[in-house]
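Chains: A, B, C, D and E, in written order; residue numbering restarts at 1 for each.
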Amino acid sequence: MPEARTPLLSVENLTIAFGGLVAVRDFSIAVAPGTIHALIGPNGAGKSTTFNCISRLYRPNAGRILFDGQDITRLPSSAMAGLGIARSFQNLELFNELTVYENILIGAHCHCGASLRDRLSARPPHLAAEIDRIIERTGLGAYRETKACNLDFGHQKLLELARALAIRPRLLLLDEPAAGLRNREIAILDGLLTDLARRDGLTILLVEHVMQLVMSISDRVTVLNFGTKIAEGTPQEVKSNPAVVEAYLGKETALHG
Amino acid sequence: QQEPGLTPTTIKIGMFAPLSGANMAYGFDVANAAKMYYDKINKEGGIHGRKIEVVLEDDRCNANDLVAAVKKLVEQDQVFMLNGGSCSAAVVAAKEYVVRNKVPLVMLNASGDGALYPPTDYIFGAFSISQYAVGGAMIDFAAKTFGAKKVAYVNHDDAYGAWNLEGAKADAEASKVDLAVESVNPTINDVTAPFLKLRAANPDALLIVTYARPAALMIKKAAEMGFNKPIILSVTGTANLSQLMQNVGGPDALKNFYVQDVLADLPGGPKIKWVYDMYKQSYPDLAAKPDHPQAYMPYGIPSAMSIVKALQAAGPNPTREKVLEAMKTLNFDSGVMAGPVVFGPSERAANKATIFIKFDGTNQTLQPGVYSSRWKFKG
Amino acid sequence: MDTELIYLFLQQGIVSGMVVGSVYALLALSIVMIFKTSEVPNFAQGEIFMAAGYCALFLLVFQTTPVWLAVPLTLVVAFAGAALFRRVVLTQVSRASGSPVNLVIATLGLSYVLKGLVRRTGFGDTPRSFPALVSTDGVMIGQASITRLDVAIFLTALAVMAVLFCLFAYTKVGRAMRAVGMNPKAARLMGVDLQRIHMLVWGLSAVVSAIAALLISPKILMTAEMGGIVTMAFAAAIVGGFTSLPGAVVGGFVIGIAENLVGLFISSRAIVVAPFVAIMLVLIVRPQGLFGGRVAIKKV
Amino acid sequence: MADLLEIRGISASYGRIQAIAGVNLSVPDGAVVALLGANGAGKTTTLNAVSRLVPVTAGSILFEGRPIERASSHAVVRAGISQVPEGREVFRDMSVRENLEMGAYGRSDRTGIRQDIDRAFDYFPILKERLQQKAGTLSGGEQQMLVIARALMARPRLLLLDEPSLGLSPVLVEKIFAIIRRLNADGLGILLVEQNASVALAASSYAYILENGEVAVEGRSADLRHDDSVRRTYIG
Amino acid sequence: MRFVALTVAAAILIALPLVTTGYVVYLANLLLTFTVLCLGMHIVIGETGQFSLAHAAFYGIGIYAAGIAGTSFGTPFPVSILIGGLAAAAIGFVIGMVALRMRDIYLALATFAFGEAMQWVFLNWNAVTGGPNGLRIAPARLFGLELVTDKDAYPFVVATAVAMLVLTVIVARARLGRSFRAVRESEIAAQAMGVPVQRTKVVAFGISAFFAGIAGGMFTLFSTYIHPDSLGFQTTILVLTMVVVGGLGSIGGAVGGAIAFGLISELLRQAPSFQEIAYGAILILFMMYAPKGLFAFLADRFRGARHA
């Protein structure tokens, strides 16, 4: 049972405010290793803000963030990749003028080897196989040498994911990876994420509004509303929680989704 | 060995001056003046049967470009000697090269003190005047004419300023005059601060040793603040006196005002009229433009005259060495400048004499006497 | 130095500093306007200022056009010239590359062309001034003495700033100007005519610079190099925060006063460096300039 | 009666990449038309061609019978076409209110604008709470709401919606489609680009499916919804 | 193709002093110095996307440091050049640290202010720089070898320039270069990938200052005099112009821009009266019709001609 194990990531009593607006209030979440944990909630509930706190872009007003037992609340943002925390961005933050390959290579920034040869090489040989595999897994094979800005939206989303994978993360923070994807691609993503968690043992914290994805892959779901947790449990439990239906799912989705 | 730049019928002289850009006004017409003088000599039959051939380069008043121009003239065009330089700091950059290659360099109107002291065998200049002399003469005039015991002195924070201040200090010491000095950047926009400080020193005269623009700002400020002691403007700022009158806001600002000059006569006066006439004849197009000839135009004449005289003295088979020997003994009155052109065994600055003119906005009155500096180079 | 003198120096230094500062401020306003709408620091602003001054000089002094005609004519020429440059040159530059650096280099090109043109006329060699548009009779403010013209310069700077501020903050066109700077694509989708807005901004900015030239020429004198004063305007804009109109004006005053106080209490030699030291101090204490909004963390 | 929008064989390209080739499409007056297709099929490009953000290399676009393929983007907006672009193109440093006011750029009826702002709050109450907040700091979904509300401020006759449901919570997606129906009932023509094909087909009367920059399938939405081969190939 | 170009370039560099006058070699020395300046500028603006408007100041620091080392302490010139580079880099790092807190345009503006202040220091620190009188630089020396003429200095200038070019290529290809570009494209994403953004910027800044300092050292090999007038904002802008006109973001662009623009400028010297207008017009036309730089423009034409 996932609950039995010590969590890989735990956020304890997180609070952050912008001016008068308390975006997240006294929020706690524990993500068990090897699971897919979804964080859902209405727009503006504070999901991305929570992500930004975990990846150290924002400094929380109160609370602690523990990764693998280590307190990371005060570490700089750029230290996250080294620890094995990767993230994607909801509004796309790609290296636009660089090719798909280079984007992924920068994802592997922390794994560029200690030897001078590895550090000086334009395409470090020891990473070649790994990057090829990431490209293949995310289906970007046809676009290796395409500039990121020339990709369509869907492939840009996939590139965000591919780049995050190159970090060799233990924890993957995904902010709306399925937004803008079609059913078929969502299905592919579904498979990929499940695979990453089940086979590669990655832990995934997922923010997503596409319920078909959330409900099918999540081991656990936490629901946030106005910055506070209103529900937590298995997908089925959450789906039938009246407060969640009221605030977030809507009657129709609850019925059909 | 054949001397470069010499054929039986021609002798090639390399000229350089700022022909473009911000500092064009300092050299463009000075070079034109020298050129027209060479033309005149050529028309009169040349020098020992040789016509002077001028190669002119733009030095942009900037060290890198000036060095490029000099190297081009010497190595590519193979000139016999050089006649150029209107910007002191830039011309100093060519010093080592010229000396090492033993090419005679006769400056145009650059003061170029940095290349004249310590003296070398190859470089001659200060045909307008040496900056050391400018500063010293200003003090000399203030002390003699107004019995000044304390003078306020504004100069630039550049090489010019450093040199003329040294001259001024030497003369101030000799004349027992107290100096209050403010050094400003030539680009200054607001002269309130230096003026207030100088006024606070309670001087007997205000000496302005700057270019025309800061000078006008200073004079105007003095008038606005009701300063009534004599104001004396050095030759560096006298470019255009009628314009100066407008720039300072009218004749009221010039009630007690004197300017230094190094020409033999008032601008446009009968003694130097021939220079202006010659210019009009040689460059009718330029002369029709506003502000032409540029103020420093006549300074090119004594420079060219010196070269012609030295070449003549060097005889029908001139060498660079012979010309340099002749240069060192030159002593003549150009008729253009206030004092004679005098070089000597260790003297490389042609002119040290200045005159002063009282200017009230319309009339110019020559003040009696010639003033110069007591500064001496201490090698 | 006795206290009385210090007191006098302070008063005169500050008052005079604010006058020259007003001119820096006007130029800074021109720069900030363009920067706000296109993220381009206009390197030709000084030369636009200079060329407008010579245009007025030419009309006023050499063609003896009456003032009431020469001034508006100059403003019209400045507006049209700048708008045309924006339309013809910069449109093509941004279509071709879109990189702001390229636009900057194009404005640099304009600065050389304008300087070269003015020099070709032959008017640029001697420092010149045309008749002051306002009398230069003295006025005392405390112990500081300045002229009526100085007062006019100061008031004009404030007025222009107020007008521009209102334009940007409260009018539809002003809002469109800001929108174009923030997100040109979205602005087009709102029905904003990008081309027109850009031309308008360039035109207005040139007019502000031209006003500065008309006022200041009797004070700092005109040469083909007078555009160099734009360095001070940049300094003012930086101190003020680079995107803030009131900031530009305050920045102008700060720089003008700093120059004078440094000149009075430290050394005249240090006047030139004062603005840059001011920039460094301000930026170290407040990395976004005095009036720049808080350096926002980009929301992702 | 002429169609509200009629696109005849338009092509557009980015440099050497041809994004759409010979697309034909029409939006009848008062209809909701869906434009579907895979990522990169050229949907956004088609909308941008209509909004005159990308140049058209061939073909013509008629709005209310008048050709607009050479018009400038602002003229198209004035003529009555508003677009909700993908990617949440807000004015980041402007407040929510100013963003809405920018939406009414071409209008000068103050009272009408005020009413429309109120209507926007009606649709999206959260925007009212965020009125003075800088748009750049809104959450993703809030920005999306703002962009939709802003497009309506122009009182368009044709609305181009580029993936309006993207990043919105399920309740809000329901709400957006309810709003779409309401606007449509008021006579607004809508061209809707959506990833979520089933929802889009449910909301529209006619649909086009783009593939590699060309129209691959078109037909009445109800028919397409139940056409198995279409479902298998395009909707999945 | 590239091989051919490199061979031709090498042949020209080797043949140059044999077939031309000292004047041409002087120009070549100067252009190569500017090439190194441009490479430094390329690293900070082309690779990292940050403006450094203090390039002339670092160049000046290099010249004074190397010049004083060689002239007053008689250090052999390779050491002097290195001293020039290191002095500039050290000050560059310090300035970078101070400017760290600033973002976007403010960083650029702070460097602009520093550059102007530094020129003032050169002009007023008489004891060290000679102030307005300028500084004489003794001929460069190495074990009794003395570089007196431009041709003497040329091989060493070329060698230094080539070494710096190679260094640029290495840096650009390496992990460091990738993190530069990552910072240029998106600071936030770079951070998330583990790139320490601020440190990377400072390193880029320092390296670019190092390059400028080395260029300063090169200048002392063939020049006898330096005056603060040559070390102002104009020079920084000239270098920036070269890099942009050559083609922002590519090493070839930086090198080509330096050489092409240096030559254009020298050619324009022959046509003084329209010089400024022509110079300005060239800049404008380049930005209008060849915005990706000289080489992209030529390559496009070339391709176009072949297809036609």
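The rule we apply is simple: a contact is a pair of C-beta atoms (placed from the backbone, for glycine too) under 8 Å apart; a residue touches a chain by one contact, two chains touch by 3 or more.
This structure is a prediction, so every number in the text was calculated from the model and none was measured.
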Shortest chain-hopping distance from chain A out to chain E: 1
Farthest-lying chain, centroid of Cα atoms versus that of chain C: A
Relative to chain D, chain with the most remote C-alpha centre: B
Euclidean distance of C-alpha centroids - chain A vs chain D, Å: 29
Distance between chain centroids, defined by C-alpha means - chain D, chain E (Å): 50
Euclidean distance of C-alpha centroids - chain C vs chain D, Å: 43
Sequence positions of chain C contacting 2 or more other chains: 119, 269, 272, 298-300
Per-residue multi-chain contacts in chain B, two or more chains: 21, 24, 157
Where chain E touches two or more other chains at once, by residue number: 124, 188, 273, 275-276
Residues of chain B defined as touching chain C within the complex: 21-22, 24-25, 157, 182-185, 187-190, 192-194, 196-197, 200, 212-213, 216-217, 224-226, 239-240, 243, 246-247, 249, 289-292, 294-295
Residue numbers on chain D that touch chain C, as the complex places them: 51, 53, 72-74, 77-78, 82-83, 85, 89-94, 98, 101-103, 105-106, 134, 136-138, 150-151, 154
Interfacial residue positions of chain A with respect to chain E in the complex: 55, 57, 76-82, 86-87, 89, 93-98, 102, 105-107, 109-110, 112, 118-122, 124, 163, 167
Residues of chain C that touch chain B when the two form their complex: 5, 8-9, 12-13, 16-17, 19-20, 23, 62, 119, 121-123, 125-129, 132, 136, 138, 145-147, 218-221, 223-225, 228-229, 232, 256, 259-264, 268-269, 271-272
Residue ranges of chain C in contact with chain D within the complex: 172, 175-176, 178-179, 182-183, 185-195, 293, 296, 298-299
